[in-house]
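As written, the chains take the letters A, B, C, D and E, and residue 1 is the first residue of each chain.
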């Protein structure tokens, strides 16, 4: 047989090897995540953001040793660093120097550097976990609303409206008094942090819910959803195995945006006096305290800067992530 | 000098994965009133070529080299602003997917009016009249009413007609149709193709039609250019290409298509393997990994890029095999298999 | 090629099936009408055969496929699969039956979940149906991959790493996983490159021979359908207008619409365009929202007469196995309506 | 259309019910968990060193001895049919919608709300214009120069806006621009638009900018993302192929499409703002709904809280309704589906 | 004497002048002037409880209200210690007590008129007192008169029981005589009748709770506009006859008051001059202190009086182990008074370190210190001994509450936590909203017991500067009720007994002595930890004349002010 082209024969004749022969080079085992990672690695700015995020987390974890090397006990008063008549830090720039790296607080002279370092873990924890809570609630409700549509969508849509319109301030202030000292196996500030995480998470899910719902609306029209249904898959399987993995990128990107927002949320709750109990430092708490001393730039600047750096880092990283996962980006 | 002359056109894209040589040394020309068909499979560089002629890669990351002469003017070296002025008026384009190629938020009329008013200093009313006129010309019923419809309110065929109306609104001298009918039904496709032939006759414009459907090309073209991996591998008058194709890839294309004009064959004769990557273009002849005759060239196929050589009047082929060898294969092995069985 | 068995019970029988999509307008969601996407169609599919379903875009081909596989609920009519009426069967009871009836989707890009590996995609049927395999799912999946001409080592790759043709093979592998009896293929090759399309068509044919499959192939490319089918049904605006075995349909099409379709297919032969006489249909396909009354083709038909606007032609058998719904069929010896028209 | 709006408004009503119930519950049920008696609640609204009798009388007058459901019912009834208010020397008819009288000042709530709305609206509208213009401009430029220094810089600046609390930026800008440079009026300045438009704008300029600074980042980011998305669409290529100038391609074709999703967010943000830009109004001493809200909450003045919460919620609902309606106008495709 | 000419502050001022100097207005009138005309722009960082004289209980309100009302007596205007004295206002002279001290008679001047021109008679005063009885309508005002006067049994207020004659409590025996009938002898009646409840109200213009929207003026100014919660303006009352009023020079033509102004911004405006008067008179915010104190020019514009206000910590004996006095003493010993003072703003803005309950500004106060520690910084040793005596040698844990929206209280709580931890006492800090601090939390007996609140920040200022005015509300355990308490911790029968004795004592010196005994008893009981006797840093507005700090008002005397 000298048939020139593909010789008629069995299916095996459409051999895998020959099929892949021409394509072998460019089709390497690179998953989307791998490609995204490669792109990310080349995106220096995004990578910088990521590195800062990691550093922040490290600071939060190793706050103890860092403080013992560079600072003072974050709760300790340093009256000697304070001008007793004005109650402002002595010297210029809030008594900044080798003794107090970022200066001291007015009135009680606590070491700002130590407090920022010591406050990192709560602020970041709230940022992360509250985001997690809202991402979980938002994703589940968003997916369900988008996938089932109809009245389910209507109901969830209205629930979102309620949460958007709900006066969180009222809620927070009213709750301040009824938080028990113990509960859910937690005590004191632990419980308070848990509660803040829950409240913040619980009230910021509608935005992510909307996004997820929108994405799901278009995803459910994709044929692989039909494919799963034609195989007899149940709704749960389709929602969580087929649809959800495709939402990871937008969710991830949005979550990075939400983290700093939630850190600031804690700030405004602290400003209203319903944040973490004093004297435990948090960035938000410091900021809200510092606002009364807006004439002392260093006092407001450093916690503000800490939040800003976090915001910036997460956003740069989030941008990079989105770009990396965007198939049209290149 | 022809109306359109493309000389050694190269369009490369630097990407993360390497340099994409989408178009790699393309040369052809076209007279007014004539039609050139460009065929080739997905990713062979057809669209990139047409966008290159229109200057739509400028400002992007594409590296263009070579020459494009349109009506005596060189376009690659010309300023972006100058080329922009030519777009729409001197040369226009019809895109493959009319729905995504029309702005969803503007009515069909608005989009045609906009195209017209860029190059004609007329009032909105005049432009609107013209738009209605154009819609009527391309066979949209009740154009005065439909001019205010949004693209999504049109059927696929009507959208494509509206695209054509938009492209023709300034009577361009060169019209490039990039897969104008791929998204359409056969019956509608037939209507659109007829329309394009009529319009071309009317305006005596030069037409480039890009497709991977050999049938469409056969219906319209005077000349045919077959592309593979960014290169022209066969170029010549339509008859010559269809009746005496000399490149194995062209043979493959013909063998892959079930044809209504022939008795059904038992099996189709596909080309093995997949289209090549444009980053790691196979060395030598880009087609050699899929070519059943590659071994006949004694290894030349995987090392040397074959030259585009003329075999007969205006028919060029890029193949290592000798002309006689190719002719022999075609006459003795391929043609009988395709026609009989 | 295995021979279809027309004598026995049909594997799939569709009777007077209808699907009307409510059309809501504006934000009020007021129903202003219904898209009669499928409007009373009947056909049988016999074991071992391939039924081709052709027609223009929007005529209801995909809807038919989705009704048969119960991805959509029919408005009326009956779907009988292997003697069982599955029209109103609950999704729970349907689940085991789905093993025998699978679907290949049109778009190899959107029908594979981009976040799943090939192994997960092709293994999904086993997991969803809870099927135990002898040597584990992985082995079974790899076997199927090699069956469709893919490298079993591709198990852990993601769909985007594959070309269109390979992706369609993955889709086919998924449908084959549970060794179904019936496969509905909705435009299995229309998204593929010419050079790849042929590979997949060949593969489908080979698999049919090897695994004794029954196909319903939906396509708009008449040449592909002719190549692959035993019998062909032509749809127009939600109705079957002609159904016949392939030879008869392509050699002596009777419905004017079938004729028009066939003549509109461009032929890769530059000389043919001069000689060939093409039937030029005027106008677009009417909207399924307001289909023309009676014979739906009369608005575009060059043979239409008064009766076509008032009386709907039944899908009558004009020759053995050749049914057509037309008052004035082409290539016909004699039809009652035509005779009547002549007399009047 | 009309039926749709009516249906949505009925839905909104249900939503307002939920919001009001929860607010009510927070005021009465939550303190009761913490062990508060009616007298305890009433003692919030008396002067210091009030006698137990006074507290008891006040508790009675405010109806705190009734079950919460009865109290809520009374509130709802007041909103729909009006209520009577005994001011000691006589009884006054409070016409619907009656949100009651402040527990502390005895002022009817509804006129207060109506009175303060224009202030908040003035603040919101000016800030919204600024942040939309600013945010969108930055977003477009960043998208077009993606990865450039400008892209990063503008994003950084915009993000600084979100990471600094408005009570800080507001105070600092007052100190600099009002008391330092004397360019802007001191805090508390507000002139109604009808009185003197120029002065209105002059007085609100600083609050507008501060508030816009806070929001611009989000809009810039959204616009950037949207532009990156739309500029890759096929219809952009078509626009270029027509010979359209690049600026027109960007604005008329790219931006036009990218802005549509931003509309949704804008509607919600604007609705939320009209309900009260709490911190801005407090910082600048603007007598708007936000200031009213924070005072009401600080004083735990339930009728005021209910009033302002419901008005704020109403604005959110109306805004989201308007956005949905507008969406259909802006995106012609929406009508069909 | 009645019918005298208005006081001329410029002449009576001693040591005053226009040279800005720190504390210039404490002892003299600063920037004296008799120029009439102009407008004073005043601002308030929050809002009045009520503008109705029957329904208000803020010092600034009593002070400012004198611009539109006149009471039987008033504090002597002007600077210096005289400010604590009461002088007649509406009345021709001070009250005439009956020998048993249970009936007090006041004669009012003639020629007095309301803003609408109707004459002011003793009936209007009696009516005003009677209407203030209705605490359902006027819940904010003090209730001294409710408790002191012999109200008829069936009297429920002038609105609910309009027919009941209240002459058993207060009566106008003729047009110029007001007689008060008391249930028990009471010596400080002249102080009581300077309260605004005795400001006359015309019965036919009385609209109950709505009267506050337009109070009918009996003083030199009347309301021009009044936008609740936002602002109001006062203009001259042309029916007011200066000849009848020796106390009020009434210099400016107009007063503009802006409400709910951002506190920090208010300070800035005060410094820059766009506002001239900070109504509450409680001093500047921390941010402003940071600017003012280091800047001599700004500091010279301030006054720094000590006021009759104590900031303190209630040490609550209901909570274990603080029920043991030794444990309470341990808290006393462990507290770092300097740190506490700093938390309150330091010696200038915060106040003087307090060693006992009664502030020096209270008449007859004696300073003593039962818990003296080295440099006032606390004594860990003594605290540990006390702990041992209490049976808690390793210390204990308890909760301390504070008002979350009051930064100084938060700072105090933090300072206490630091200091007490050195003695092993561990504090958990909890902040609550000020508006429900006393009703729902620290002042709520159940809550305190259930949640084991051991310490609570607190502050108290006197209604008038004598022992009763300062002490009674915060140390008498019989005032304690389920919620809304201001006495959080003093539950000592001996204290109660001494309070009764002191209240009944008519001799001023003996009375003062008895209050000192009360003070000592409370300190022995260790249930109040005094922090500071407050001082406030007041800034004199630009363009304001006749600024003088008045001891009775505890702030600038508002009726003296004029505009340049």
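Convention: a contact is a pair of C-beta atoms (placed from the backbone, for glycine too) under 8 Å apart; a residue touches a chain by one contact, two chains touch by 3 or more.
Predicted model only: the values in this text are computed from it and were never measured.
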At minimum, the number of touching-chain hops separating chain D from chain E is 1
Most heavily contacting chain pair (counted by C-beta pairs in contact): D-E
Which chain has its C-alpha centroid at the greatest distance from the C-alpha centroid of chain B? E
Distance in whole angstrom between the CA centres of chain B and chain E is 91
Taking the mean of the C-alpha atoms as each chain's centre, how many Å separate chain C from chain D? 55
Take the average of all CA coordinates in chain A, do the same for chain E, and state the distance between these two points in whole angstrom. 49
Round to the nearest whole Å and give the separation of the Cα centres of chain B and chain C. 31
What are the residue numbers in chain C that touch two or more other chains? 163, 165-166, 198-199, 202
Residues of chain E engaged with two or more neighbouring chains: 264, 287, 405, 433, 436, 440, 447
Mark out which residues of chain A touch at least two other chains, giving numbers and ranges. 6, 8, 14, 19-20, 23, 173, 177, 294
Spell out the residues on chain A that touch chain E in their complex, using ranges where they run on. 75-77, 79, 82, 84-88, 106-108, 173, 176-177, 181, 188, 272-274, 277-279, 289, 292-296
Can you check the complex and tell me which residues of chain B touch chain A? 15-17, 248, 251-252, 255, 266-267, 269-277, 279-280, 282, 289-290, 292-293, 329, 333-334, 337
So, in the complex, the side of chain E touching chain D is made of residues 43, 46-47, 49-50, 55-57, 134-137, 139-143, 146-147, 157, 159, 206-212, 227-230, 258, 260-262, 264-265, 268-269, 271-272, 274-275, 287, 405, 433-436, 438-440, 443-444, 446-447, 450, 473, 479, 481-484, 486
Residues on chain A engaged by chain B in the complex (per definition of touch): 2-6, 8, 14, 18-23, 25-26, 38-39, 42, 330
Can you list the chain D residues touching chain A in their complex? 11-12, 14-15, 18-19, 22-23, 26-27, 30-31, 33-34, 147, 152, 155-156, 159-160, 162-165, 167-168, 171-172, 175, 221, 225, 228, 232, 264, 268, 272, 275, 278-279, 293-294, 297, 300, 305, 308-309, 312-313, 316-317, 320
